[in-house]
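Since the structure comes first, as structure tokens, the remarks are kept for the end.
The first chain written gets the first letter, and so on, giving A, B, C, D and E; residue counts start at 1 in each chain.
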């Protein structure tokens, strides 16, 4: 149940403006889908939410408070690649988050404490369907299984905000559908706020409670240096296509609500 | 301020005249004499002769085995006041100029000569050329490491070398080698010494006594015609990777001073004076008496008879007969 | 079927034969050279006949030395291996720890990266005298020369490898609440260990080189010492089997490290295969 | 704001200061050591004062040698660089061509990969006498030692790099109708050139090492020759500036190669950045 | 106008069966879309069509003739990655195919011959919209531009069969739509036979004249070693959604034709 407020955010790299004028109020327990052309700054935006990158101007507040200066455990992340530790087994990948918190010196638990943590981690892994693969290394998993592991790893810390950067891009349709189901279930159970970048519009409309598009309003070659991308569309998906809890307020969207965008998305690339 | 010490280090390297140090250390003779004076002496073998002198010069060792020329050029010029404690031998044919397919020294003119530059071989070459009225300008010197000398001789590129034993013996064993000059033609000029830091020796005369005691006990065994003497010589040969015959051949071209009295006599003789003058001139000509040295006189060399060659206020190399004398007295 | 050469694979048998071929050719060349020289001078030491080499080897490997009573090959091997392994171990640990610190911490990087780039360019053989003065001439000096010779190589490699770790992995660890210490201990060090083995394998050749150089200057045993001593006498009948023996040892060491890597870090080897 | 050490970056000024720090410390340590030794023995040769080093350097770099009339530093530098560059050039061309052939052609791979793995393990310094008979003692031998020392390294690296080329690229070239020769010439060689520079840079250290070793064996000029000659007299006032000079040359060579790579192969450098 | 006949194809790796019983008759000028779960052998199948891999059993005939033992210029390919030569500029990447044919010794043209080849290559590049980028290196192009380059590179050889392995997976929807248009245009103009692997069902139905699905009928863990994937669905898209030339015969499909599969594909992952 975490609100995020983005206030007039700018990001430049070496004088080149990437993002400009990005302002956004996100209600608690939203599922924000971010879409936009390649290179428009979606990943940069997520990295700023993570404090892995500092804004050039503007600020981000989480529940009214300024973001800390570096990544913390209350904001989890799943990247498209390199999201899990290759040198740890499935179980250890999830366990390690608990161990960091409980054992500052060794970062490792032993004996009874370990057994308890192990149980919790195994439970989380069972929830994402990896209960039978605890001893395997990531390189022995398929792409879909690796992404499920990354989700379990992030969720064990019970983050208030979860950031997903093209998490399902490499998966085939069957596995992708399974993960969508899982993702929504976990989102509903943990009541966290999710930001997800995707290139797949149908995925965006299917999962999101709100779809936000980034784009560059000025995109002629001579303008590319001086002007960045900003929010060009902001669509609330309402009424939600899946049951929401009673105490939820409709997530705020600033433009026209789409009735059936979730159920009947425009097929990408269909227009000839 | 006298610095009393009880632990000392002697560095030696493999050469016919210095092999006794290794044998004496292995057979407890050094320890026996050290114990007698209540001190400890660590005897360390070096593969690389120059490194042993450098280490001594840098202060890591109290004593080292070296030739008269290198003692003057390295520690003495480097400001380390050094005393020649034991005059062990002089080269009497151990160092030689060898030509391939040619048998006269004068044939060397115009050739490339492979040798360890700035070593006693270089000095021998200079003296050889002098003997036929030529100078170093008449040949081309190629610096060649002693370890590779034999292999170098076996290549067609090399037609003249100056080197020392056992390399001389190895090279002479090949078909086309001709010895055209050797150190027996300049007797007493290439001297093998055991030298000690003067200050250390001054503050700890017992260190000198222990060294001379051990050395001449070893000499006595080595010189004897007994089975024990033969065994010692064989072991020394083995330690230098040759055999009894090979080692005795090397000894034949070495004038060993088996008795301390012989060493004393040599040190007191006037010829040493002349030799060191010739050596320091050679070094000066090659810029080895320190850069900017105005003459060969910058470093003083003191002799047992009290004479000093060069700067009396900067004596850095001292020949002494005192300890050998003491050993000679004790031996009687 | 006519095929491009890049698509033409030899059969198993042909492949075996082919791989033996260069060894056979070298052997033949040696035999021819040796016979030619021995025909001219039967005492030629440079390219001894195989029988002499065999005799030389068996003398060193099976007969006790008269002077010391030791069987020299084994004494030499033990001495050299002890130095080599000590040098490798110290270099690996130093370069591993320092490399990880420099690769990971911006402050360390600022302090050391320029310095390491310069120091790595100093040829260690040119400062031998200084090294011997600092470290003396005992075992320390020999080990130190190996350490000084290979540490910069491993160190530079380690720094690069740490910096190559995907940015995502570092961010991920921080989102799991890890401190710098925990990241180093549980994320970076374990991922660097197999890479350290790679780097170590690459520097094995240099380590042998420095070992031999160090033993040539001051020592009383060791494979390099023996070769150096015998080189004066051109005793190729012993030098050649010693060289073959060193080559075998180096090969086994390399192989052992590869095996260790495969056993201890299966995730690394598998991950590499997939790339 | 409190931050993890891995996220703490020094400011520009601090960064400059920090990178100077280790150099300053070494300098101070030298000064202290030198002063202490000179206080005991004003003629000490091991750690000469900076003034002596300066004098030594200017003597070598600006004054003609009395005996030969040459200015030694430049003569030595020219001789050494000629050897080094010749060695590097030959090794690079040999290893490049052979590496590409072995990496590309299964028949070559079967024939040579085992042989190369074994030969790479032979320490070249231990077989010097054999190298002498083959190459003599002149310039050839010195260049040959460098070539023999570094070729196996570059060769193994090249083979790996060729094998690492994506399978897709090879298939693609064939679907465009390329013959093996055309693939080598237009697809593999151009892609290997920048990688060859990488590999060359890695082996620069070893090349200097072998150059110095070669010049220590038999020569009349060269930086390594001078260092070893002067080592006989512990003339550190000249050895130290020579070492610094070698370090500078090595550094410049490395830098030059990096520059060449960036200029000549922009596609490679950019492609690497994106990874 | 090339027919391909695949006859009872099997492929095993180290005794593990990957593909089995694959038989397929492809009419000239077909556009075959291949779909199927990850790891089922789609890429392997394409590689066998290319002769970059040998079948364990069975054979492939092109216009009635056995495939040659190695890749040849009459079968072009576009891979998802590594499809262009990184060390050549855009122009050189296309030119090189002409140079291989005309200059066996140097693989390079000079003078007049080069100018002529250059014109042809530049024309092809203009057709794929890269006319203004001839001097750039692939690393300076966006993903979509790289794929267009790869297509131009393959087409300049006028291959009879074009093989595409997930060629558009990494592109964002806008660029993807553009390339689809281009692809269909070129397919129609050159009358080649195309095989395209894709994970995107909508793409498969949109572009293909026939959609073929590979899957493992037996997929329990203990069966995975012994049984491979094979063709499980074979759908002809008929009538075609874009004009075909008069002399074309309907591409043969063996199972039920789908009326509107192309226009209204099941959204991947929509089923919850």
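Here is the rule we go by: contacts are C-beta pairs under 8 Å (C-beta built on N, C-alpha and C of every residue); 3 or more make two chains touch, one makes a residue touch a chain.
Given the structure is predicted, the values throughout are model-derived calculations rather than measurements.
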{"item": "Co-neighbours of chain E and chain C - touch as defined", "value": "A, D"}
{"item": "Inter-chain pair with the most contacting C-beta pairs", "value": "C-D"}
{"item": "Chain copies touching (chain C, chain D) - same or different residues, decided at half shared", "value": "same"}
{"item": "Distance between the centres, which are taken as Cα means, of chain D and chain C, whole angstrom", "value": "18"}
{"item": "CA centroid of chain A to CA centroid of chain C, Å", "value": "47"}
{"item": "Inter-centroid spacing, chain C versus chain B (mean Cα positions, whole Å)", "value": "38"}
{"item": "Set of chain E residues in contact with two or more other chains", "value": "70"}
{"item": "Junction residues of chain B, two or more chains touched", "value": "54, 58, 148, 151, 154"}
{"item": "Multi-chain contact residues (two or more partners), chain D", "value": "4, 46, 128-129, 133, 174, 179, 216, 231, 234"}
{"item": "Pairwise chain contacts, counting only pairs that touch as defined", "value": "A-C, A-D, A-E, B-C, B-D, C-D, C-E, D-E"}
{"item": "In the complex with chain D, residue positions of chain B that touch it", "value": "50, 54, 57-58, 73-74, 77-80, 114, 117-119, 140-145, 148, 151-152, 154-158, 286-288, 290-291"}
{"item": "For the chain D and chain A complex, residues of the former touching the latter", "value": "1-4, 7"}
{"item": "Complex contacts: residues of chain E adjacent to chain A", "value": "37-39, 142-143, 171-177, 180-181, 184, 199-203, 206, 242, 265, 267-272"}
{"item": "Residue numbers on chain B that touch chain C, as the complex places them", "value": "14, 44-48, 51-52, 54-55, 58, 60, 146-151, 154, 166-167, 170, 173-175, 235, 238-239, 241-242"}
{"item": "Sites on chain C touched by chain D in the complex", "value": "4-6, 8-10, 14-15, 18-19, 21-23, 46-47, 104-107, 110-115, 117-118, 120-130, 133, 152-153, 170, 174, 179-180, 183, 205-206, 208-209, 212-213, 224, 227, 231, 234, 236, 239, 242-243, 246-247, 250-251, 254"}
